[in-house]
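Have a look at these structures, which come just after this line.
In what comes next, chain A is part of two complexes: it sits with chain B in the first one and with chain C in the second one.
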Partner chain A sequence: MRGVVRRFLLMILTVLGITLLVFALMAAGPGGVAAALRPGPGEGESAERAAREAYLEGRYGLDRPTAEQYVRWLGRLSPVKFGRPPRIGPAGERLEAPRAPSPPVLLEWAGVAAAPAPSSDNVGSDWRAAADRAARALAGYFAARAEYEAVLRRYARSAGEVGAIDASGRVVPERLRRRPMDPSNAETPAVVEAARRAAAAHGAARSGCEAYGRALKTSALPSAGFVIVPGAVYLDRPDLGMSFSRGRPVADLIAEALPITVLLNLLAFALVYAIGIPAGILAAARGGTWIDAALRAVFIGLWSLPIVWSAVMLQGFLAHAGRLAWFPPTGLHSPGADEWPMLPFTDESGAWRAGFLGDALWHLCLPVACLAMGSFAVLSRQTRAAVLENLHADYARTARAKGASERAILFRHVLRNSLLPIITLFAGVFPAMLSGSVVVESVFNIPGMGTLIFDAVMLRDREVLMASVLMVSVVNVLALWLADVLYALADPRVSVA
Partner chain B sequence: MRGTAEPGRGTASDRARRVRPETVAALSWLAVAALAAAVAPIVASGHPIVLHRLDESGGITATEYPLWRMLTGADRAWLIAGAGMIAAAVMGAVRARRMAWWALGALVAGGMAAAAATAPRPRIAVFDYAERQARGEVRAVYTLIPWSPNERPGDRDARMLPPGIFEDEPLANLPREGVADDELFDARLWPVLVERVDRLPVPSATRARIVQRLADEHFTRHGLSGGEAERIARDCLRGGRRHLLGTDAHGQDVLSNMIHAARTAISVGVVAVGVATILGVLIGSLMGYIGRWVDGVLMRVVEVFMGVPLLFILVAASAVLPRSLAATMLVLGCFTWMGAARLTRAEFLRLRGQDFVLAARAAGLPTWSIVLRHLLPNAAAPVVIDASFSLAAVVVLEASLSYLGLGPPGRASWGLLMQSAKGEAGDFAWWLAVFPGLAVFLTALSYNIAGEALRDALDPKTHR
Partner chain C sequence: MESRFGLKDAVLLALVVSLGVMVFLLLRQEDRQWAEMRSLRRTIEEQAKLLAEVRREIAAGREAKAGAAGRRDEWARPGVPITVPPAWTCASDPRSHPDFAEGGVITEILDGAPQRLTPYIGNDPFAHRIVQETVLECLAAYDSRTLDLRGWLAEAWQADPAGLWLRVKIRDEACFSDGEPVTAEDVRFTVMDYVLNESIDAGPSRSEVGLIRGVRVIGPKVVEFEFKEARYNNLRAALRNAVLPARFYSRFTPERLNASTGLVFGSGPYRLESAEAEAEWSPPKDVVLVRNERYWGDRPPPDRLRFTFAADTRARLAEFENGRGDVMRSTPEQHAAKAKDPAFLERARALAWTNMRSGYLVITWNCGERRGRPTPFADARVRRAMTLALDRDRINRDFYGGMCEVATGPFPRRQAEASIEPWPFDMNEASRLLAEAGWADRDGDGVLEDGSGRAFEWELTYPTGSAVGERVGPYIQDQCARLGVRVTLRAVDPAALGQIRRERDFDATPVQWSWSGPEYDPFQTLHSSQAEGGDNFGQWRNARADALMDRGRGTVDETERMAVWRELHRIIHEEQPSTYLLNVPWTRFVSRRIENVHPYPVGFDRREWFVPRDRQ
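Coming up: the complex of A and B.
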């Protein structure tokens, strides 16, 4: 039991490591996480653009160091959160005042003092109006900042500052700061003016955000989450972010896709074990005969079979409308299946229909077969090896000597002892199958996690990308932990360490 | 190997000598694939080997060698690697085995590294040799498969064509639905075509047959569009060769693509597994030799990498990182090193306390010597066996990524060919599924069989 708990804690550590890996991968791209998520020049309308900037600013802190961006992101993801819990809005959404954005760059260089936050005493308790004001102030600030950066770019270009504009067209403040501003440059007055405006807008945005925060605090809205230490620590559901390409929270997208992928894999898994173990036992029991040799060839063939190929072939030859249309080629449901009852039925014309469930299963036949094919060979080979080894063990010889039948030896003695390595094999089979579902879902057009992440790549939606890789990994790690626990239960000698 | 006097080596050598037929088949396929990769630009190219420029009366005014001229640095590196391979095979046959292995290793590694480093991105191309030939300006001698992998038909009727050889396969099964009336063969083209065929430097019987076919089958009976007719005529002019394994959705030759794709598959596999093995052995030996907290920390790192389903992280990585051949290789290597690390760690833990290591330590050997000279050679067997299985896995992964359209861009790949099997119009182009898929399957299978053979030869513990 202690081992199981220890293992669970290690698993949490692993998940933390995976968040770091995923974030590091995203940050490794040109420009880092923030730059990649930021709308490009001329991308999107100004209102949507500002909303996106505000979102990214709050979630990552756009101009912060990468390490801080990671910590902020992790704070959003973690179910254990620090600080004051957000309020729950009327539609069930989490309401939180946006973090004050970072001030515009190079203010002191341009000789402009940061605007002091205007003290707003007239705090209304109307959080809606405050939210509106904060959003407008933020949008105003982002527009002013974009304008300021554009002017800075012009200045850098006319001042001949090489390297002050990076590959993505953004200003590099460090390069400009090296030399004091050139007063004789034609763009200088414009820079100062734009900096002044950006500083003022920043002050307004900051006070807007603070006012919104105060309004929320005084409002009668209920608090979200489960408070552990008042004002400091609370539990709440992880915030997976917002998908801008689809205009929906990422959590919703994953909640739709993940069950499909898990179902696909569980079905395939059941099939793998249902076929794999008997086939392995058969091969071992007939060890050395032609059956064994044939099964060995089949196993190594199936083991090497690329899922891509089997999926394309099965779909093309068995499901294509132009050929044997035994199975539906793509999707998860027939059109109109939503209105069918669960179980098979006969429609008004007297024709037999499979029903909603049967229809879904029929759609899943080929994908599940594709996923299972490679894995079951691995399992069978392992079973065969384990059974064969045990058949030659001393205890099997003893049983044989005392006159037990071969059948009894195989099923009573050998099989039980051979099952242990089969449980550990879970750790090898499950991740491979999960990653195979990317291909299978893509070929058969099944709206699972693989399709979600593939579409996210195509739409360049990093929020979906990060969250879905993370969630799939969590499922994977949980499954591996479960396998460990099962192993400990099955074999009392093993303390799960 | 040769001596039978040593009693201890008798069984091992016997076992090695009893090479199973499937091992021979597997190694043969790998050799074929590697050879195809090496000589791809010579075997399959749309550039003629010899191109004679002709004057008005048909006399040769100049001679060019476009195929040789178009070879890139990568092509040359591959050819050198191929030559090394053949040399190694020959030396292996005359029993200079050790030298053979070194030659093979050095040349293949050098060639592949050069190929990976220098390979420019091939561009989509439309070649004009056939047209010039048709105009009677040049006479050309083509290589075995007269298509480059990136060669697209110049006309707008790029269609997926099923496999077929011009001489035997009736062209009646060319798709012709969807040809609008106004696109039907333009009668004005006909005399031009006949004239071109008449000027072909081929025996008159062949000329007559080509004209006959053009007239009978393709234009009158099948109502082909002008572009299609042009294309067929052009193929005829090219010595009667058609696409042996058909074309893909862009009208590119499948066989040529498959031969060139062997390069991608083999180089990605070898480099990625090389990166993974080096990384894994490094990390694994740190874990196994130092132990303690280093082992604990690195074990967590291994678990983190194993916790992420491979294809998911690869798809995500392809969205973020620059897409190139080198990036694909590196990314694949950086996410598959865990097996090698775990095996090295286990071997080091097993060997660490053994007498010969203690003796080495007692003799005052430096750590690097103990690790490199004493531990690593004894720990190598499982890692080498695992590398062979990893090669199979990486080849399949590369095909999967390419199928998803996330592989190295602009490069022939078996996975990419499979992508267009499910045609735009909803037809299933079986030849695009069967042939490239079979190549992936055979390569993965061969690596796996080779791995099994290696295990039987190197690992005395496994008894089958």
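Coming up: the complex of A and C.
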């Protein structure tokens, strides 16, 4: 038992390590973590683009150091949270005052005083109005900050400050701070003016956010979560964040996509086991005959086909109207299937229809076949080896000596003992299938986890990618752990410790 | 060890069988309720149709009475002329067609799934294509043929000659799909409390609506827009926004709206099957729009519009060819292949035409500095030499199946200077220009060098999978090699390309821009103020062009403005900040199941389409 727990704790560390690695890789990769957040070509003029970008970065906390972003991400994930719990709005949405944004850089250098701390009076009780004011103030600040940074860039350029602008066009404050501001520079008055405006806007934004927080606190809206220490610690569901590219909660996106991928993989899994194990037994029982050779040739052949190639071929030949249109080319349902009953029926024109369930199964045939075909070889070869080994074991010979039939030996004695290694295979086949479903889902246009992950990678959608990596690594690590535990349960000689 | 089928096994088997039977019976029961519900729904739909008929007749009577009473203009400001645009009608009336029939479903296969349909939020292009002019309506629409603005929800308007305000009279009969009238308050709410609300994720829509300073309600059906400055596109900013019902949308907090996926409610001829917040549409389901039986205008022919999604181009074509969709966007390769396939053309139309939503393809030269050093393209002669060295007719023929036209500049035809001819394909002239700019093969290695001995080499930076980069790129390489110029092809990740363009870290990059309206404002892509942080990736700076762009945007008078754009076109043609390759048309496959399909300068007008009875 202690071994099981210890392994479990190790698993958590492994998953954390994976997330840290992915987070760091994304932050370091070209294009940054949020290509999806940047306005695309044609979306507005430079000033408003800069303001919008700053707004989105502030909103998603991307203007903070990477390490802090990771810690915040972990904090959101943790069920134990610190601070005041969010309130629940009229339609069940979570309301939380935004954090005060970080102040503009280089204020002292520009000789501008930071805005004074916000006063705690003028507590409005109307949280809606306070939310509106806070949003306006924040947007105003981000616009002012973007403009201030543009002026700073102009100053740095005209002052010939080498390296004060980094590759992505951002000002490097440390470089500018090395030398005092040059009063003779033509841009200096503009810098001071823009700094003053940004500082004032920052003050307004900070007080707006705080006023919103106070308005929420005094409102009659119920709190989310379960408070442990009032105002300090509470329990709440993990928050996977908002997708940068789709603007929706990541948890919702995963809730839509995961069941589809799980269904696809479970069906493929069942198919692999249903064909792989009997084929392995047959190959072992008829070891060395043409049946063994044929099974090996076919399965190794299927195993060596790249999934993407076989998916495109199956789609092109079995699902295209120009060839054999036996299967639908893409998707999970026929158009209009959502209006069909579950079971087969005849419609108004007297035509037979498969019904919603039958239609879905028909759509899943090709994707499931693609996912499964590579795994037959692994499973059947493993089964064959295990069965052959046991057929030559002492106990099988003893049974034979006692006069048991070959059939009885195979099915009653050998088979049970040969299934042990197949348990561990589960842990290996499952991750392989999950990665295969990325390809299968894109070819067959199935909106599952594979498509979600693929899009997130293409658009550098950090929140979706991190959540998906978390899901996949948890599933894989759990599968490994489960295989270990099952193995120990099935074979008393093995201990998890 | 004996294997016998014992009592335990029998009980187990019985349990499994009965479980199976129970699941089956449950499904049967579910299906019976389903059938019952469908018949109920059909009855309700028929009732709604009947009611709609009655309502229409009453409205027609009321209109005739109002017409008899004469037009009243008391809503208008005195002394300023009123524009009463002709009421919107289909350019090709489906009802005059001999096969005309109401009913049926039209299915469009879109190239991506929208993430949300809620208007303005997230600025989803697919959502826009689905709900605009089907569920949601604007105050005015573009005439399919002339592209002039015609009244839609608006009956008439009055524009300030100085371009600073616009007063609009909304049609009396216009109503939302719940039967409540469209009012001036709804227009004000949409702009001021929704799109310009900082808490709502309507960022990209805000940039155009941002021209509006304020909206005033003058009367229940009269609204006045006030603009920040006189701009030619003020009219469009005010009249081309979908009007949302204030009653419906003001019920939700910004957080709820931002997280919503399918809160769509409008005045258009179609509506979502369920507009209820509790049962909103969510991806990845198909979007089904049903006819709004309470629609105030002409009934559209099909009962339903269905939108399915296939991002993969091959999968999309397979779906279309299997008859699972009626309309799809084709790639240039698909179009070139299918437009010559008689078997395909029997079942479908392959359409390619230039319209106000198509665009142009360019290779943008970095005219400024890259990593602190000017690129060879800082010299206009070099840029022109590049244009002369590329046979754009051949690019059109070999890579686009000849469906494009060679471009001369960024403008659509009605805005362009007609006398400008594309630069010819002339390698000799290109060589001469390069020599004039100081490039010569000084060391005899076949590559040109400048006075300081720097070899003439440049990179074409394109996103992986880009047709221009991967197919036209090698041709450009060959052509340049003939001139003694070395070209490297650099395929980068699409997400990284954004960053590269922002940093201006490229020599040349292909870009496809779309016009997205009858008139194209080149400010974003060519004005020097946009060279830093904006879309002027090539950092082209030209004071005369800047002045013309500023003047053009601020000129409300159309004739005067067109003269400005044409002068600008001449400068762009001489300067070649980009090599304007081709005007790329829209390509669509449309099934022959649908009738009355016409390509227009506006794009398509789906309101005209119908499915003859025998093909429903």
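Here is the rule we go by: the second predicted complex is superposed on the first by the 415 of 497 C-alpha atoms of A that agree within 3 Å, B and C clash if a C-alpha of one lies under 4 Å from a C-alpha of the other, contacts with A are read in each partner's own complex, and residues count from 1 in each chain.
In this section, a residue touches a chain if its C-beta (ideal position, glycine included) is under 8 Å from a C-beta of that chain, and two chains touch if they have at least 3 such contacts.
Please read all numbers here as calculations on a predicted model, not as lab measurements.
Put chain B and chain C next to each other and count what each touches on chain A; the higher total goes to C. In the overlay built on the shared chain, the residue A:R246 is in contact with chain C alone; chain B does not reach it. Look at A:S442: by the touch rule set out above, it reaches both chain B and chain C. Contact with chain B, but none with chain C, is seen for A:L10 once the two complexes are overlaid on the shared chain. In the superposed pair of complexes, A:V312 makes contact with chain B and with chain C alike. In the superposition on chain A, contact is made by A:H320 with both chain B and chain C. In the superposed model, A:A28 lies in contact with chain B only, and not with chain C. Of the two partner chains, both chain B and chain C are touched by A:R460. Residues 30, 36, 312, 315-316, 320-322, 442-443, 460 of chain A touch chain B in one complex and chain C in the other.
Interface of chain A with chain C (complex): residues 30-32, 35-36, 38-50, 52, 55-56, 89-95, 128, 131-132, 135-136, 138-139, 150, 153, 167-169, 246-249, 252, 256, 312, 315-316, 319-322, 325, 328-331, 334-336, 338-339, 341-343, 345, 355, 357, 408, 412, 442-445, 447, 458-460. Taken in their complex, chain A has these residues touching chain B: 10, 13-15, 17-18, 20-22, 25-26, 28-30, 36, 297, 300-301, 303-309, 312-313, 315-317, 320-323, 431-432, 434-436, 438-439, 442-443, 449-450, 453-454, 456-457, 460, 462, 465-466, 468-469, 472-473, 476-477, 480. Chain B meets chain A in the complex at residues 22, 300-301, 303-313, 315-322, 392, 396, 399-400, 403-404, 406, 415, 418, 421-422, 426-428, 430, 433-434, 437-438, 440-441, 444-445, 447-449, 452. Residues of chain C that touch chain A in their complex: 1, 24, 27-28, 30-31, 34-35, 38, 105, 107, 113, 115-116, 121-123, 197-199, 201, 203-204, 206-207, 210, 252-256, 258-259, 261, 277, 282-286, 306, 308-312, 314-315, 318-319, 321-325, 492-496, 498-499, 501-503, 505, 511, 513-514, 516, 523-525, 529-530, 532-535.
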